[in-house]
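Data first, discussion second: the structure below is written as structure tokens.
We call the chains A, B and C, going by the order they appear; numbering starts again at 1 in every chain.
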Amino acid sequence: MSTVLQSDLSAVVEGVNMMWVLTVTFLIFFMHAGFAMLEAGQVRSKNVANQLTKNLLTWSVGVIVYFLVGAAISTIVGGATGGGSYSVVGAFTDLYAPEAGSAGVWVDWLFGAVFAMTAATIVSGAVAGRAKLRAYVGYTILLAAVIYPVVVGFTWGGGFLDALGFYDFAGGVIVHAMGGIAGLTAAWIIGPRVNRFNDDGSVNVIPGHSMTFAVLGTLILAFGWYGFNVGTSASPLALAESGEVVLGSFETVGRVALVTTLGMAAGAIGAAGVATYKTGKVDTLYVANGLLAGLVGVTSVTDVIVWPGAIAIGLLAGAQLPIVFEFVEKRLQIDDVCAVFPVHGSAGLLGALAYPFVATAFWSGNASFLSLAIPQITGVVVISLWTFAATALVFGALRAAGQARVSRDHELEGLDSSEHGVDTYPEFGGPDDAGVVRSDGGTVRPDGGTICPDGDVATDSIAVETDSETDTEIKI
Amino acid sequence: MSTVLQSDLSAVVEGVNMMWVLTVTFLIFFMHAGFAMLEAGQVRSKNVANQLTKNLLTWSVGVIVYFLVGAAISTIVGGATGGGSYSVVGAFTDLYAPEAGSAGVWVDWLFGAVFAMTAATIVSGAVAGRAKLRAYVGYTILLAAVIYPVVVGFTWGGGFLDALGFYDFAGGVIVHAMGGIAGLTAAWIIGPRVNRFNDDGSVNVIPGHSMTFAVLGTLILAFGWYGFNVGTSASPLALAESGEVVLGSFETVGRVALVTTLGMAAGAIGAAGVATYKTGKVDTLYVANGLLAGLVGVTSVTDVIVWPGAIAIGLLAGAQLPIVFEFVEKRLQIDDVCAVFPVHGSAGLLGALAYPFVATAFWSGNASFLSLAIPQITGVVVISLWTFAATALVFGALRAAGQARVSRDHELEGLDSSEHGVDTYPEFGGPDDAGVVRSDGGTVRPDGGTICPDGDVATDSIAVETDSETDTEIKI
Amino acid sequence: MSTVLQSDLSAVVEGVNMMWVLTVTFLIFFMHAGFAMLEAGQVRSKNVANQLTKNLLTWSVGVIVYFLVGAAISTIVGGATGGGSYSVVGAFTDLYAPEAGSAGVWVDWLFGAVFAMTAATIVSGAVAGRAKLRAYVGYTILLAAVIYPVVVGFTWGGGFLDALGFYDFAGGVIVHAMGGIAGLTAAWIIGPRVNRFNDDGSVNVIPGHSMTFAVLGTLILAFGWYGFNVGTSASPLALAESGEVVLGSFETVGRVALVTTLGMAAGAIGAAGVATYKTGKVDTLYVANGLLAGLVGVTSVTDVIVWPGAIAIGLLAGAQLPIVFEFVEKRLQIDDVCAVFPVHGSAGLLGALAYPFVATAFWSGNASFLSLAIPQITGVVVISLWTFAATALVFGALRAAGQARVSRDHELEGLDSSEHGVDTYPEFGGPDDAGVVRSDGGTVRPDGGTICPDGDVATDSIAVETDSETDTEIKI
């Protein structure tokens, strides 16, 4: 019955913290199911298996690349740009063969990996329905090896943006805006789906095949997001310098939990409000994506803002969704199929830039507005430019090589058939069943195609709905 | 290497307990995905997006209202009716601006909020297919602000039912029966769906559009329920008055885990047995809803009953499901679309009232039957009456104002179109595709309607199946 | 402010470890939703409700049987064959009425139960579409009461295989290969679905009704698998003999997390590679099932192999999937509907047998190859033979009694109708809608059947696709 030494408690702290990190890592991993369902629901039935395959391969290929290369690149870039000491060889060997006794090295790696793979998977929603599988996987390899790790190196990895004071708690910019900007860039370079835009600049809406899967995906994502945000409070306990056990990052976990909750709720309300103002109806998909945009909005600042700020950012992130989506669609004429830019890109940037206005440090007088604003603006500009440039380079090269998108015939046939040789719903009619073409306030393309004996549509028909300013149909 | 002081361990206890509360809170939040899928699967395809939107808005609107108003109302009602000291202003300010250092206030609030939102979302399944979205959201606001908080104030909040000895461990009555009774009341007041009942009192079955989504929802709910029940053991560790660390509510967590498991299993078996006895076939939806009814049945008493009691309550809760469902449908002629009363209402009441028979305290001789029974009966009566009265008042007022339900045309067209302007499955035929009308032992309505160019059914047809005593079709 | 005694920390260790075990137990329970979706997606729409019901009843019936009988049998078999002391009566009474103060007994039981029910539910995927519900449930009762508990008794329960040195960390053989072999045996004995194989030995592909549900199930399973594998590190903390708190099984949890992740990723890549090599296309279902096969492959050895070994086992487990699936289908002519043998059976055996090649103990020179290999081979042989014999006996007896499978008419009508009296998708066409029959390189059966007024197919038609060596259609 001896007494306990302070040193004895370090195992408690280490074990408890690892438990928490593992638990939230699993939740964040589960977001892949959310993305898979959200994106599958938003594409045509002829492209569902393609979307699902991209999600499976994003994780499978990406996580191995991130283990072999990406994580080390983060360390190196962080050290090189932040002025810290680092070893190029050590960045790899520390991960490949951690010292005996460092139980948490691979746990911490996995915690980083699930964030990296979230950024990667966002892109697939933007380029749905026409990107070549090998082009997408090729880009994912580069994203996991270099493009995302460089962003992490600049910031969480201790690089120059971190030194400058740029703040991103859980990845509203580093993960989500990065993914959203990459998606928009890729969608711009590979061009829209066939028949998405007309020669006169008018827009055809191509509704997704299942709202149910889309909303299921939304709710899985929101569930996982509690891991993403609250989990970033990764050290429930800590050993103080005095040797005492104290709460670690859990000091602020209540704020994180509240802000995450209010942000997502306000996002749904903001999007519902604007959509209803514009059309008189409460578009389900805008409500769902608005909830996600609200989450993205608060992700970068979850632990450092006052709670009315969470409501404000959420409302704005939701409200901008229909507006930015239409801007991308009608003005930029970019076919961002799953609205990844308004949901992850602009909402993420908005949250990071709104930070100074609602920061606890600002309201308590502990920091000046400008001291908070300048690093945020710098970080947003640097990360956006890097992501845009790297993505444009990769997809530009793929396009130049004729490898970026499938042939027109394959696109019309559907990628499930041409890329995967499968039929997602063999009992529920072939892809693009002509029987469900519907028109609301616009014209239906008359080249309806013929139904082959095997149930597929053989000609270049596509189920479209023409959009107009007064149209109340779903936009995303 | 100094020695550890007892006070040093308080951070361990606080951190570990917060970890647990957060983990189970996330699980309970995920039940919204379960409710969304369970309910979406049980409605017609023309009303799926409406059901999904109601689920999204229940959480989004409800949780903000519960933060701004509801939680404080609980505190005030608890104090006012329980004789404790309380401050009206403090009830709000403690939540809006907790003292520095109280890391767990907002964590505890969120833990309460996910229970509140579970009660709220149950109602949407009862009024599916005809309630106006704004009526439903209006009711949800009042439920989150007042109706549910009053129930909590009476009980967990330290009010008069708590003082009387009413026991509800995890919300079998407070959350589930409350939601089930509210749903039944609302469904009664707004009336059944068009064509649900015939003039001669016979019943038409309107089967849900996807059993797969319904069962998926069931299993997500069961997963989340482990958080709901086991999570109510919210203090894994505690500091004893002696200063020692001891197990807190985890002293009984093994019983909670076992009772929850046996209760749900027995619920599925009980419902399967009765359904098979009545029709010779094992109705899938009864098995699924029976599993949930078993869970509801043990929720109020999970930590205080002997395990054979869990099997008994589960079997009864499952067995009453087909019987109560038919009673509500055929005798009361109330259109409780997703069977929320038999699943959440009567099963919850049953569990609370069965408690004295299977209480560990009774079997060990530590409590008399009556001392356990009287508070339970009182609690059940008070909560049922309050819920019924408040819900009847709100929906009665909405009905009187002509705001409770959509027009007949909108109902027949489907709420997805009329309320949301979306088509959940644009590639899989329009809502109420006349091709799937089927008859089993009854008559099919001949006014099959015409298919509009946009694939929707234009006349007032509805896919119905006539029910009869010998009918083996699904009932819920 | 007294000092802390070592004994004081035992509550911390107990509480924290129970928290972890409960958390991962919930995740493993959630795998039932994964299996339900994975299997439902891989069957025809006329058999979906049957598959869902089997999943619900596997858990509900199985877990009660495992509580009343199965867990005790494990203890008895472990004691009897391993030479340990045990009490037949005590095996039951310890579980039915644990000593006061043993908070964790029922938590530990539930942790064991979720593994047992995983083994049980695997079987249902192999016998889909023709097994009688009562035959399946009968087998499940015996599996939960005896067949699986004997395997656990031999191994984790301290029996003779454990004494011999057989190693299975998280159930790659004990749970998964056991389930896969049982499924293959059962599928062999009850025979293939009608029209699955032609008289000339050629094969008809009967594609599942929804790839989306199948992939959703895959991702839910992968999520739950983190509980399954990482959760088997069931003691984050431990009290050392010195009295100090130390990391318990969390000493190796980093390796477990990494190996699980790399194994699943490599599994998807291995299957994708072989499928693409054979057909030129990336079959989505092979990618999904390959991911699962990779998980199965590393499950038995997660904490004791070098990480390149995880990639190697994963690649092999994925790569063998299309090959073994075709061998079972074309050479053995066994109709393993959901590919449970290649995914759970052969992948599980492969991982256990590959262990010596990639063991950390081997590469560090701490163990000879043969000392690792012989126990693994012995264990694999014993468990395979026992599972095969017990399953063959049960299904053989059922078949002899004419109770193993439904009538031909019921099979063609679909089990949803004949066994459950429900229609899973009443709005999306009847089962086996003749309109979706498709042919790829083979012949379509001309007896297409007639469409009844109620939308069902009345004659013995079935939607089939003829397979050939060059066929690129989905195989599983």
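The criterion applied here is as follows: a residue touches a chain if its C-beta (ideal position, glycine included) is under 8 Å from a C-beta of that chain, and two chains touch if they have at least 3 such contacts.
The shown structure was predicted, so the numbers you read here are calculated from the model rather than taken from an experiment.
Judged by shared residue numbers over all numbers used at their interface, chain A and chain B contact each other through mostly different positions, with under half in common. Fitting chain A to chain C on Cα positions gives a rotation angle of 120°, stated in steps of 5. For the pair chain A and chain B, the distance between C-alpha centroids works out to 32 Å.
Among the residues of chain C, those in touch with two or more other chains are 3-4, 8-9, 12, 16, 19, 23, 210, 216, 428-429. Those residues of chain C that touch chain A in the complex are listed here as 3-9, 12, 16, 19-20, 23, 27, 44-45, 207-212, 215-216, 218-220, 222-223, 226-227, 230, 236-237, 243-248, 250-255, 257-258, 261-262, 264-269, 272, 279, 281-285, 287-288, 291, 307, 311, 428-429, 431-433, 435-440, 463, 472-474. Of all the residues in chain C, the ones that touch chain B in their complex are 1-4, 8-9, 11-12, 14-16, 18-19, 22-23, 25-26, 29-30, 32-33, 36-37, 40, 48-50, 52-53, 55-57, 59-61, 63-64, 67, 96, 98, 102-107, 109-110, 113, 133, 210, 213, 216, 416, 419-430, 453-456.
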